[in-house]
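Structure below; questions to follow.
Letters A, B, C and D name the chains as they come in the text, with residue numbers starting at 1 for each one.
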């Protein structure tokens, strides 16, 4: 199939290669010309602008966005609206909030443009050699673009999730689970590290990656990390949060779902971003007041 | 090799079959004669008592215990002590506390008996077709019994962890991580279930099992669970805790490791075992006192 | 001073009495005529409608809203806008979200109407005999209405917090702290209740209310609760959440503040509202799959 | 009454003064002679050793220990055993683990010596001018020493809790609640500090100390702390944990009580003691592996 791909960052570039591996034709555009040139060298048709990209596609057009959520997605959809026509399709493959996707779908529907919100997992490696997709949008139109997902996903690695918004909602929750799992893994290794034995963490992670109940990709990546830096001496334990974990907790607050583990994992990321915490200062001050416990000075 | 296996429950029986598949000779004993008969039918040499089992083994003997931790392990080791001789080996494959294993190792060392504490993961399926082992004990003696682990584990699925106790410590932490990961998965599906979309959970779990960041055995099992009971209507959400999760938190408290996610996952299991909570009663009573908020009556 | 009070529920009625105790004149209105009659009997001037209430006030008018947040507040402000004039004052004493209050303040400012968002704590008892106020709005105009707060608060029990929104923000955080403190108290009594000793909870709470580090109003209320129902046998541990605790966590998510304790206390309230949890069902199903652990049937 | 007081630290010295204020006679001993001299100057009878102290008491003797838990308490009781006689009384006023107190009580009972475990709250201020006591031990003997507690506690500030161990158990839980309440307060101020408004924290804490639902001694101390250091710029947010919070969680683990808020508050103290966390390092490494997210270097 022919796809107009906008956004050629870490994920987008790999996805373009993946699509071309499977015989799809990619027209590619990015704000950075160097990114367009790079993917053109690999076989994609370069576009010099959004309108140039659209003009190089045969209707019904498929435009796949692989850009950061929020403003970038909003701006591109605004640009695409006058350029596309009824029957065209926008695939939004970023980590957008599902409410934004519902809004985009309703907005584009008035113009007859089909919108699909596609949560994409598997990291850069997945984008290149087999991703995992959660796809929301019109079920009939989905069938016409299903080959794109089938070809670029790992076997069994995509799911049609229902109406618009459901793809990004599923991806949001996926990341919430990911936050919790990562925190559990991190905490476990911290207990190993502080405990009475002297473990080879890479060997432990290797073992746990094979046959254990907690085997999975994250544990395999843990092994890889420990092979490169056995005690992680070079890495600071600052864990940034990109949005979906926070949104999962916000959604849980709205629907009154009890997610204390995911919420705590998000909170610990925030804590990791601080050198010192105001919360801790208050408690240290209180201990000093009532018990005369010495405070450490900042 | 020749192994005396004591404990033929869900795990032990499968392990016996697994060992015999790989050409090892199993002398088997269990308090329940029916369990001995069953494994004898599959090719093991039946033993009628612990001493009978020992008498049927050629020194240096290997006795593998696959029984519940605590009293059962203690009693068996007490029985074995006068029956075994210097150079014999005890493999303790249960979910024992690592401090018990250190005690057993020191105790047996005085008699020249080698003790290995072996954390075993992978469930019944793993015991049957490829387990995951974390093994603590003497490094030189380990080499003599390594074939047993290599043959019955999945490829790359065992690790020598260091001195006695380190195997069960690693298994304890493994289960702590497991508690946290399971809670994260459960909470994620709860958000999906309470959210605005109508998901097919089995399909979501199938997709997440292929190519996603959170892929792994637990997600594959989630798919299986949802295939059997799509909304888990038949299952009550009571999640028992078998010990290691609790021990992980206790150990974290001793070494002052911050494990809020694992601790919370343990606490939520306790909460799940209660129909109502005293903690909740107190809070409901307080709200009634200060705000006149109606309480629900028990 | 003369105050038009709208909303004569548990809090509003008590506040009216409190104001009249201190010589203020109250013109009172509520959707329920019976509530107006009741407070009129106690000395307030009854109003039959919002416009009737406004007509009975002498400019510059002071209208104090004591109604639920959201729609009720929005509707009343919409009704008041054409009835009030430049220089009039609206005091919004409900548990509104601070962003709504900022919106109202900006909206009313265009008409020259002064808006104060007033977080009110202390429960019904406080409204009647001495409340606690956090007050946001114009600092100069505040001075003109300060006597109202000074008279109806406990000594030292009000604070001017800054520009509009800051009063309700402070009240939101106050309630977030309240959720955490209540959960800590509830959990503590649960440990007492499950532990090896047979305590008289009312006596414990009485002792802790006098001289201990954790003394305070909540502990005094705990004593009162236990005096009425020594083991809280009559109360179900369902703890509803009225908004501000949830908002505190949402705000923390926005500003990346680490509030794991408050977040967990909110999550436990949600858990308390469920008879069974989907999260627990998933975990019970997983344990059954990998370990053959029996599930309890729903 | 006549009391032999051993341990003249921050708490013990104040308690001696408190007892003497109420007409009790204090024989005082401490390992540090300067501490003995100081309290002797205030009117206590100095003792030069444990045996000297015992010899200066008239049977039935009352010996009150105010020393750190663990070894110091064990050692003193070992020293006292041969010096005391049947009918004498030991009051153990430290923060000991309740299981130690049960052990001491049983041990001393064989010698006819009565043991009381007394949890003491209220900080240094309380020890000086009115403490809060939770007292476990023999109910009949308790009556004979009750005046000591009545006189040195705030009014209504002591409670007889039951058999030996129950006093320290109650104090343990008290501190667990304290940890949770302090964390909630700390987190609340962190949200205020990170939020959009510029609060005067001392004024907020002053307001919340008067009439609010969350009023109490801790909030009063928070006001005091903020008066001294308005943004706590001089204090590092390192919050040490002295034992009872940890024990509360351990006890909850043993009795399967769900205390996620208290557990999380303990975990956050551990986190505060670390400059960086191994848990965070692992998670940062994982994010780098799957998403190419940059790590910060240690």
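As a convention for this text, a residue touches a chain if its C-beta (ideal position, glycine included) is under 8 Å from a C-beta of that chain, and two chains touch if they have at least 3 such contacts.
As the structure is a prediction and not an experimental result, all values here were calculated from the model.
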item	value
Chains touching both chain C and chain D	A, B
Which of B-D and A-D has more C-beta pairs touching across its chains	A-D
Taking each chain's C-alpha mean as its centre, the one farthest from chain C	B
Interchain centroid distance [CA atoms averaged], chain B/chain D, Å	39
Chain A and chain D, separation of their C-alpha mean positions in angstrom	48
For chain B, residues that touch 2 or more chains besides their own	122-123, 183, 185, 187, 189-190, 193-194, 213, 217-218, 252, 256-260, 264, 267-268, 271, 277, 279, 290
Residue numbers on chain C that touch chain D, as the complex places them	121-123, 126, 130-134, 136, 153-159, 161-163, 165-166, 169-170, 173-181, 183-185, 187-199, 203-204, 206-219, 248, 251-252, 255-262, 264-265, 267-268
In the complex, chain D residues that touch chain A	10, 122-125, 182-183, 185-187, 189-190, 193-194, 217-218, 221-222, 224-225, 229, 232-240, 260, 264, 268-269, 271-272, 276-293, 295-298
Interfacial residue positions of chain D with respect to chain B in the complex	213, 241, 246, 249-250, 252-253, 256-260, 263-264, 266-268, 270-271, 273-274, 277, 279, 290
